[in-house]
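Some structures are shown below for you to check.
Heads up, the next two complexes both have chain A, just with different partners, chain B and then chain C.
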Partner chain A sequence: MTNGAPDMADALFLAISVLTIGSAIAALEMRSLVYGSIALMGTLGGVAGFYVMLDSPFVAMFQLAVYVGSIAVLILFTVMLVKRELIFKKIEDPKRKFAGIGLMLITILALGAIILDSGVKTITTDSDPVDFREIGGDFLTYYWPALILMAFILAGSVMGALVLARREDTIENEQ
Partner chain B sequence: MSVIAPKFRLGYFLKGIFDNAFWILTIVTLAGIPAIQIVLFYMDLPVIDGELLTAFLAFTWLFNPTMQIPLIKSLLYSDLFRIVVFPGFGFAALIAAGTIFVERKMLAKLQLRVGPFYCGKIEGLLQLAGDGLKLISKEIIIPAKADKPLFWAAPVLFVGTAAAFVALIPVAPGGWVVADLDVGLLAVFAVIGFFPIITILSAWSANSKFPFIGGIRALHQMVSFEIPLILSLLGVVILTGTLNLSEIVESQSNFPWIIFMPIGAIVFFTTMLAELERIPFDLPEAESEIVAGWLTEFSGMMYGLVQLGSYLKLYAFAALFVIIFLGGWTGPVFWPPLETELITKGTPIPNYAGDPVLTVFAPGLPLFDADPNEWVKQQQGELQYTSGQLLISGVIWFVLKTVAVIFFILLPRGVFPRIRLDMLLHIGWYKLIGLAFVNIFIALGLVYAGVLGPGGIM
Partner chain C sequence: MSNELIEFVLVSIALLGIGIYGLAVKRNAIRMLFAVEIIVNAANLNLVAFARFMPHSGGQTLALFSIAIAAAEVAVGLALIIVAYRMYKNVDIADFRSLKG
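Let's look at the complex of A and B:
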């Protein structure tokens, strides 16, 4: 990116941004919840595209595998099990809508001003992208207590969910 | 009164011909030629012998015997060839077609039937072509209350995702793969994650109860079996220290990983059967319970596309098993590598007086050497063989192993009954995940004991 001239990366960045933000708006505004969750997948996939552009395919692949592959599927699954009337019922209130849009604009402008003012945009670097092997090494050496702690929290929450979801009134079938 | 076929008149006939010619000329001039020019503008034309290969030059060289081999080589090593023909779609589709035929005949033999028999004189060889023609010529029926955009998109997306999976599979040494990623295995996991989404969306969009039940079953099955699938491959990743599929194959030049990871291989094979929706895990398509599961409402070539996608997926999973556990293309070299000098300098043959009268050149394998510098490297001892010499034996070993794995995927269909949904989930969540963890601990033990792996002796 020399002299601020637009190049291929700029065009790609613009396209991915339009995809991400557009499908985020669509995810909120679609009447059909199923199409809304498809648009949410578009947003998550666009974020993965940003990671690819930032030379970190490792994170991008995890974004695709975890968020698009699992979280979005869970959302889709939940939406499909909701009753049909509930899918299409919607509280229309133009005042709240405009208030929401205004709040969003104010927030985005404030955040953008803070980021522009902080000087992040002036950072330029020519160093190589971080190798994912180094990330793995860091996880296993420096950050392992945090990793173990997170594993215990997740295991505890799964067990709690299993206990909560357990039904006493059914008899367990033997094969 | 309306007539289906109006009375023939020469004037109408000529007018029809002129009309068609007029519209074809107009469309070609306004759209076709600009489109070709845009494509030519962005296409990288190959450079052969310092000359840019334009279309005119290509036609000229087509009839020049000395330039034919460079011409074919330039096409052989283009990205388009990789995507469309050899390690990509065409190769996989060929193996998929063979799989369908072998599956039908082998099932028939297992169940003491004949199978396809009449089409194509010899053992029903042309049955597949007949089925394909039938599917193409059939009408595509879309249910009246279906969600049309999603219903149309689902088969195409399914084939596209399966093709993306195929694109990640390396077939032969020397980079014969469409997309050689450093995070290849993670990309495989990401691509596998798209299949349940497409399945459930197509099932929902058909707006019919049998596809929906089948789609929900498929979702249960695929999402819960993805976890042991990923965990069972982590052992090999720990031992090799890489996620690149080509490097995983090269790490097995001495022994395949199935020797040290038999539990992982068994878990991966079982989850593979479940991900492919094959018997005994074919609940999403259970034909005796829910018509055809999530495929019920598909007709004509839409059904054909879904079938093509599922068999491409079968090939890709079998190839992944071969790459990770069976050593990919490694094996004894069939085609004995020739000395480089026999190919480049030739053998001088003297007459009775000892004067060289003629030089004999061994042909070698001129087509398959991507990089002429490989010969130099081989002479300096950096490379054992050039990639061209290894290509043929590598592909033969890869295809042999893949076909063997496909055979073992097909075999349970003739033998096992379908298992119940609760048993399926029980197997997935209790047994396979536990076994996958056992496999990971074995791998960690081997690494920390210093036997294998990045810091080990091999």
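Let's look at the complex of A and C:
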């Protein structure tokens, strides 16, 4: 980071971090679950922006397709299946709220102090980013068993989700 | 590379803290799933950031696998929430007491 005049990358980084962290808080604190899930989309999109800044366009594209594209829509549909008054009802323990805030501050401060004290601060790089063609090549040569296993896991979990969420009383209702 | 590794790691720690807060305070099952997603994203951001500063394609590959696993986890998690909602007509995890056994 250059000291002195704020350059373009710093301003962009600051904007994306404010978007990411702000909408993460909004996703948890907004009264309506619908707006909460839209704010969660903001967080996921902000993380995709970080991936672009980290010269990883492949992961950013994957993040946009999987998270912002499918998971956020899946969550929105689940929220729509829930009763109207539950969407707007805030369910939380007031007593645990302060404990939660304390836990959050302890986590952030302790981990932040450890990280700032470690050698991570001095790590910089001048090397070129990893080419995404290399990742695609890795997937098809070295990681192909893992890729196939992943396909089976995804298919199995989607089937499991469908079996779980299936209504068993539909046939009885129709008769 | 104009930004340093420490900045990305600090953002990731902030996201982790927010996620832990959500898991500790919220009793709405859907909101707890949001918090889990935020924590998973913090972990992925860390992976990609470290992979960029120690140039090796392994970090990005692991992040891609992690995103795919997270998609499966959300599908199953939402299905479980729907089943529990159908049984208890509520998404408050304090109502899911008979799951205790």
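What to note about this one:
Going forward, the second predicted complex is superposed on the first by the 146 of 175 C-alpha atoms of A that agree within 3 Å, B and C clash if a C-alpha of one lies under 4 Å from a C-alpha of the other, contacts with A are read in each partner's own complex, and residues count from 1 in each chain.
Criterion: a residue touches a chain if its C-beta (ideal position, glycine included) is under 8 Å from a C-beta of that chain, and two chains touch if they have at least 3 such contacts.
Values in this document were obtained by computation on a predicted structure and should not be read as measured data.
In the three-chain model built by superposing on chain A, chain B fits alongside chain C with no clash.
By the touch criterion defined above, A:Phe58 reaches both chain B and chain C. Looking at the superposed arrangement, the partner reaching more residues of chain A, out of chain B and chain C, is C.
Legend: residue contacts after superposition of the two complexes on their common chain; A:Ala24 is shown touching chain C, with no touch to chain B.
When the two complexes are overlaid on their common chain A, residue A:Met41 makes contact with chain B while staying clear of chain C.
Touch criterion met: A:Leu76 reaches chain B, while chain C stays clear of it. When both complexes are overlaid on chain A, the residue A:Val68 reaches chain B alone and has no touch with chain C.
The superposed three-chain arrangement places the nearest Cα atoms of chain B and chain C 14 Å from each other. Common to the chain B and chain C contact sets on chain A are residues 58, 62, 70. Interface residues of chain C, counted against chain A in their complex, comprise 1-11, 13-22, 24-28, 30-31, 33-35, 37-38, 41, 44-45, 48-49, 51-57, 60-61, 63-65, 67-76, 78-83, 85-86, 89-92.
Here chain A touches chain B in the complex through residues 34, 38, 41, 57-58, 61-62, 64-65, 68-70, 72-73, 76-77, 80, 132-133, 173, 175, going by the rule given at the top.
Taken together, the chain A residues at the contact with chain C in this complex read 1-2, 7, 9-10, 13, 17, 20-21, 24-25, 27-28, 33, 36-37, 40, 43-44, 47, 50-51, 53-56, 58-59, 62-63, 66-67, 70-71, 74-75, 78-79, 81-83, 86, 90-93, 96-97, 99-101, 103-105, 107-108, 111-112, 115-116, 120-121, 123-130, 134-135, 138-139, 143, 146, 150, 153-154, 157-158, 160-162, 164-165, 167. Chain B makes touch with chain A in their complex at residues 147, 181-183, 186-187, 189-190, 192-194, 196-197, 200-201, 204, 212, 216, 219, 223, 226, 241, 243, 422-423.
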